[in-house]
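Right after this note come the structures.
Here come two complexes built around chain A, the first alongside chain B, the second alongside chain C.
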Partner chain A sequence: MSDGTEVRRPSEGDTATGTEVRAEDQFAQQHAEEAAAPPAVGAGTAGTAAAVGDSPRQASLWGDAWGELRRSPLFIACALVALTIVAMAIAPGLFTRTNPRACSLTNSLTPPGPGAVFGYDLQGCDLYANIIYGARPSIIIGFLAAGAATLFGAAVGAIAGYYGGWFDAVVARIADIVFAVPLILGGIVILSALPSRGVWQIALMLVLLGWPQIMRLMRSQVISVKEADYVQAARALGASDGRIMARHILPNAIAPVVVYATIYIGVVIGAEATLTFLGVGLQLPAISWGVLLSEAQNRLLQAPHLLLFPGSILVVTILAFLTMGDVLRDALDPRLR
Partner chain B sequence: MGRYVIRRLIQAIPVFLGATFLIYAAVFAIPGDPVRALFGERQVAESTLNAIREDFNLNDPLLVQYGKYIQGVFQGDLGRNFRGRPVWDIITSAFPVTLRLAVTAFSIEIVIGLIAGVFAGLGRGRFIDNLVRVSTIFLVSIPVFVLGYTAQLLFGVELRLLPIAGLRDGWLSYVMPGFVLAAGSMAYITRLARTSLVENLHADYVRTATAKGLPRSRVIGRHTLRNSLIPVITYLGFNLGELMVGAIVTEGVFNLPGIGRATFQAVLAQENSVVVGVVTILVMVFIVSTLLVDLLYAVLDPRIRYE
Partner chain C sequence: MPSDLNREPRTPGEPLLRVEHLVKHFPLTQGIIFKRTIGAVQAVDDVSFELRRGETLGLVGESGCGKTTTAKTLLRLEEPTSGAAYFNGQDIFRLSRGELRTARRKIQIIFQDPYASLNPRMTIGDIITEAWEIHPDVVPRAERSDRARDLLERVGLPGESLNRYPHQFSGGQRQRVGIARALTLNPDLIICDEPVSALDVSVQAQVINLLEEIQDEFGIAYIFVAHDLSVVRHISDRVAVMYLGRIVEIGDEDDIYEKATHPYTQALLSAVPVPNPEGREHRTRIMLEGDLPNPADPPSGCRFRTRCFKAQEKCAEEDPALIDRSGHGHPSACHFPEVLLSVGS
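And then the complex of A and B:
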C-alpha cells in the first residue's frame, strides 16, 4: 500500500516527502479551520496550500481525509469489496456464465461440488449464479434509499437548522413521529399495504423511515456551524443566505452526514434482506439475497449451504459499508490525528 | 423539573397521535377484505359480512375509524380482533415471553458489552482494542435472522449445546434467542463504553486523581468508570424499545410465542386492531423511556438541569 502512495505523490507535482506533506497539511488544515471555509481561505492559508501542492484543495479536510484513507489497508480492502459487489450488480455476466434461471430439478439441493462451487438450491438452480445476479436489487436499494434519504434529510435539516422558526418546529415534530415508528415494524406494515412490492417500493419505504436520522444530524451540524466567526464575517460582507449556506456552512457541516450515509447503505441492505425474509419484501421470481435466504429457512438441516453462502456475502457486503463509514469517521475527525 | 415533565408529556401527544395514525392508515390501506377472508371459502350472506363490518367500524371512513379507535385507547380499550378476543388480552398473554427474552438479552448485552468495552478502552490501540473493534462491526453487520439461523445450525445442530427453538426447556430456551437479539446492541454498548472511557481517561479530574496518588484500580473504578457509564445508561433506555421490535424477527426464527410473532401474524391477517395496539404500546414505551432517560441524565450528570 505504502509503495502505491509514494509513487502517486510525485505525480501530483509534489516533491516533498510524505511526512513533511502530512505536517504541512495539518498546519494548513488548522488555518483553514481558524480562518474560514475553504472558498474564503485567507491569503496565509492559500500560500501554505500552494507550497504543499498544486491545488488548494489539498489543504481541505477532505484532502486530508483522502490522504489518510488511501493509506489505510482496511479502507482499501472494504472499498474493493464494495466495488466488486457493485460490479456484480452492474454486470453479473462478468462473474458467471451460468444462467441463474437455467435450473434442473435433478440437481435440487445438491451440496457444493465440481460444476457448482456453491451447490444448487431447491429448484436445482446454480447457487453461485443466483448470488451473483442477486447483488443487483440489494445494491440498487442500498444506493437509492441511502442516497435519497441523505439528499432529502440533509436538505430539510440544513434549512431547518439555518432558518429555525416554524419550519424547524414542524419538521422536528414530523421527524419525532417517524422516529417513534420502528424501522422493521413500520416496514412490515407499510409494505403489506402496497399492492405490489418491488425495488422501488422498498427503497421508497426505507427513505420514508430513514430520513429523520440524517435530518437531525444535519440540523445539529448546521446549528453548531452557523454561529461561527467565518459565517458572521461572510454575512457582514453581504453574502446571500444561499451563498453562505452553499459555500461556508455545508462544506463544514457535511462530514458526519457523509459518514452516516455510508453506514446507512449497509443498514438498508440488511433491512431489505430482513423484510424480504419476513415475506413483505421482494417476491419470488425476483433473484435477490433476501429471497435466497428466505428460501433457505425451511431447509436448514438438509441444505445448510443455502443459508451459509448467501448469508456470508450479505454479511460481507454490509460489513464493507459499515467499516468504510467507520474508517471515514476517524479520517474526518481532526481530533484523532 | 415538574414543569419540564409536563411539557415533555404534552409534546408527546402529537407524536403519539401521528405515529398511531400512520400505522392505522397503512394497515387500513392493505388491499383485500379482512372480513371476507375470515370465512375463507365458505359462502356467507352479504348482510352477515356487513354486520361484522359495522361492528368493527369498517364501513366508516378512515378518519372516523381512527377517531373511534383512539377514543377507545384513551379509555383503556384497545379493541378486539376479528375473533372477538380483546387486543389487551392478546398482548398481555404474549408479553411474558417477550419480556423474558428482552431481560435475557438485556443482561447479556450489559455484562458482555460493558466488560468488552472497558477492556478495549483500557487497552486502547492494543490487540484487544482492535479485536473488539473488528468483532463489534462484524456483529452489527449480521442481520438478526442470518445470525439466528447460523447459531441454530452451529450450537443446536452441530454442537448440540442449546435447544434449537421453542420453549420446552425453560430458561435455557431463552439463551440462544437472547444472544441473537442482544448481538447488535451488545456491539453498540461495547463501542459506547470504549469511546466514553477513552475520552474520560484524559479528563482533568482523572489526572488529578492519579496525581493524588490513588491506586489505578480506584482511579478507574470510582472516577473514570462512573462517568463513562452515563452514555451507556442513556442508550439502555432507548434499547428497551429496540429489543421489543427486534423480537419480531427473533421470535419468528426461534418460534417463540411472544409479542413479535403475534404482531407479524396480525399484519398478515390484517388484524388492524392488534397491529395498531402493539404499535400504540411500543410508542408509549418509546416516549416514556426517552423521557426517563432524559431525567436520569440529570440525576447522573449534575451539570444538567431542567427548568
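And then the complex of A and C:
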C-alpha cells in the first residue's frame, strides 16, 4: 500500500482545522477511483441540504394514509354507508317515524307500495322501520365484539411477541385450539348452551372466537419490529420496556391490526346475522337483521321482499366495512404509493 | 490525524474497557413447547481485548465471524453466555437492571443501516431528546430543544431538522442523526457497528471524518466494527481480526497492515483492491478456498485450518492460542506465524 492512494492518516504536522477537507478529499478520491467515478466530495451535503430545505410538510404514516383515503372515492362511499348505518343505530328516529312494533295483521306480507316502501312482514309490521331499528344490535355487536377482540388480542399478542418464552408458547397453543373451532359451529355450540341469548352473549362469543386472529397478527408484527435497530438503540439508551413498547413498537406495529379490526367488524355483523338466522342468536321480540332474515326463510317465494331488503342492507354494510379495511391497508402501505 | 497529537499520552493502568473470555453461544433448539437444546452456534468464543480511553479498536472479519455479536453483547443487547467485561472497572455483565440503566449512558451504539436505525414515526427532535427523557438529569427540560439543535449542528445538519421525519433525509444525513443520538448522553465509548458500510463512498469519508472530529473533541473511545480493512485502517489505533468467533490477530496499524503473521489476516489484506495498476500484478493474492465452516460445528484445533494454505497436522490437533510466538511484537493465533512481504504494502 505504498502506492500513495491508499488511505493514510495525514501526517502529524497537520493542524486540526486544516485536516478535515484534505483527509476527506483523499479518502473520497481513493474510493472514487476504485469505482471509476469522478470524486464527489461535498456533493452529498449540498444536495441533501437542499432536499431538507424545501419540504416543510411534516409527513407521517397516518397523515399520508389519511390524505390518500380522502382522495379515494371508494373509501368515501364505504365510509358514508358505514356512517349512515351507525347513525341508524344511534338515532333510528331520524330515519323513520313509524314504530316498528305498531303492526297490523291486515298488512301481513303486503309487498312494497305507497305508505311502506319496503312492504310489511308476516305480522304486518313496517319492514323499513324494522330494518332501521334492526341496525342497532348489529352495530353494537359489530363494534363491541371487534373492539374487545382487538384490544384483548392486541394486548396478548404484544406481550407474547415482546417477551416470548412460556407465555408465548401457552398463548400460541390456546390460539391454535380456538382456531380449530369453526366460527359458526363454535357459535352454535356455545350459544345453544346458554340459558339466555342477547347482544352481550353473542358479542362475548364472537370475542372468544375472534381474538386469536388479532393476537397472531399483533404478535408477528411485534416480533418483526422489536428486532429493528431503532428499538435496540432505544434499549441502549436505557429505555424501559414500557417506553419501548409505547413509543417504538406499537406505533410501528399497529397498522395491520387496525386494518384487520375494520374487516372484523364486517365479519362480526355477518356472523351475528348468521347465528340469529340459525336460531341461536337474538330471539323475537328483538328486532335485528338476522331476526328479519330468519322470518323470511319460510316465505321466500311468497314474499321475496322479506329477504331482499334486510339481506341487501346486511350485504352492503358488511361490504362497506370489508372494503374500508382493504382500502385502509393499501393506504397504510407506503410501497403502494 | 490531529488526534495523535492531542491525545493524552497513553498511561498504563486500568483501561476503559477490558473484555475477558467473552463467549456467546446461541442455543439451537428443537421442539414446540418443550425445547431441547441440540447444539449451539458459537458466535463468539473466548474473545478478550482491552480498550484505552479515547482509543479506537477496529474489529474486522467476514460476515458471520461474530464481530457484531461481540459489539451487541458489550451493550447487553445480547446476553453473554460467559465472560466478563470491565468498563470503568465495573463488570457490565454482572450489573442489575438499575445499574445497567446508568452504565448504559456511557456506552452507545451507531448502527450499520441508517434506514433501520431511526424510528420512522418519530421526528428527529424526538429521537434526539428521547435520551434526556429517559435520563432527565442530564439536560434540564427547558434546555433540551436548544441542546438538540446544537448537537444536530455539531454533526453537520441544519437545526431546523428537529421537526422533520427520518424519511426526509438521505442515508448520510440519517447516519449523522444516529451519531447525534449516540452523543446525547456524553458516552465514554461508542460502538460503531459498520457505520459506513451502507453509505455511498463519498458520504463514507464525510461520516468517518465526523467520527474522528468527535473523538478528538469529546475523547470518546470507539470500537469500530467493519469488514473493510481499508476503512478500519483510516480510523483505528489498533485492529483485531476475527474469524469464526475468535480473535486471530490483534495489533496496532503497523502490526496488522505491514507485519501480519496470521494467514487469514494476510488473505484479507491481499484481497484489498489496489487502485494503482502499477505493481499490482506483482502482489501475491491469497485466494481462500471453501466457505466459512458451520459455527455450530467448528473444525477441531485451529478454526481456520480448513481454509488455510499453511495447514498441517498440528493445526487439526492443537488449538493455537492468541500469543506472540515468534517475537513479531503482537499476538497471532497461528502455529506458524510469519510475515509475508508480498501482501499488503
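Keep in mind that, in the parts below, the second predicted complex is superposed on the first by the 279 of 337 C-alpha atoms of A that agree within 3 Å, B and C clash if a C-alpha of one lies under 4 Å from a C-alpha of the other, contacts with A are read in each partner's own complex, and residues count from 1 in each chain.
We adopt the following convention: a residue touches a chain if its C-beta (ideal position, glycine included) is under 8 Å from a C-beta of that chain, and two chains touch if they have at least 3 such contacts.
From a predicted model like this one, the values you see are computed outputs, not experimental measurements.
Novice: Between chain C and chain B, which one touches more residues of chain A when both complexes sit on the common chain A?
Specialist: C
Novice: Taking the superposition on A as described, I'd like to know which of chain B and chain C A:283 touches: first, second, both or neither.
Specialist: neither
Novice: After the superposition on A, what does A:173 contact: first (chain B), second (chain C), both or neither?
Specialist: Touch partners of A:173: chain B and chain C.
Novice: For A:229, is the partner it touches chain B (first), chain C (second), both, or none of the two (neither)?
Specialist: Touch status of A:229: second partner only.
Novice: Name the contact category of A:311: first (chain B only), second (chain C only), both, or neither.
Specialist: first
Novice: Touching A:99, do we find chain B (first), chain C (second), both, or neither?
Specialist: neither
Novice: Once chain A of both complexes is superposed, is A:238 in touch with chain B (first), chain C (second), both, or neither?
Specialist: second
Novice: Touching A:298, do we find chain B (first), chain C (second), both, or neither?
Specialist: neither
Novice: With the touch criterion stated at the top, can you tell me which chain A residues are shared between the chain B interface and the chain C interface?
Specialist: Looking at chain A, the two contact sets intersect at 173.
Novice: Can you tell me which positions in chain A touch chain C when the two form their complex?
Specialist: Chain A residues touching chain C: 1-10, 12, 14-16, 19-20, 23-24, 27-28, 30-35, 39-41, 43-45, 47-49, 51-53, 55, 58-61, 169, 173, 228-230, 232-240, 243, 247-248, 251-252.
Novice: Of all residues in chain B, which touch chain A in the complex?
Specialist: 14-16, 18-19, 22-23, 26-31, 137-138, 140-146, 149-150, 152-153, 157, 241-242, 245-246, 248-249, 252-253, 263-264, 267-268, 270, 275, 278-279, 282-283, 286-287
Novice: Please name which positions on chain A make contact with chain B in the complex.
Specialist: 173-174, 176-178, 180-186, 188-190, 192-193, 195, 266, 270, 273-274, 277-280, 293, 296-297, 300-301, 304, 307-308, 311, 314-315, 318-319, 322-323, 326
Novice: In their complex, what parts of chain C are in touch with chain A?
Specialist: For this pair, the touching residues of chain C are 1-2, 4-6, 32-33, 72, 75, 77, 100-102, 104-105, 107-109, 111-113, 116-123, 130-131, 134-135, 156-158, 160-161, 163-165, 167-170, 172-173, 178, 181, 184-185, 200-206, 208-209, 212-213, 216, 230-231, 233-234, 257, 272-276, 278-279, 344-345.
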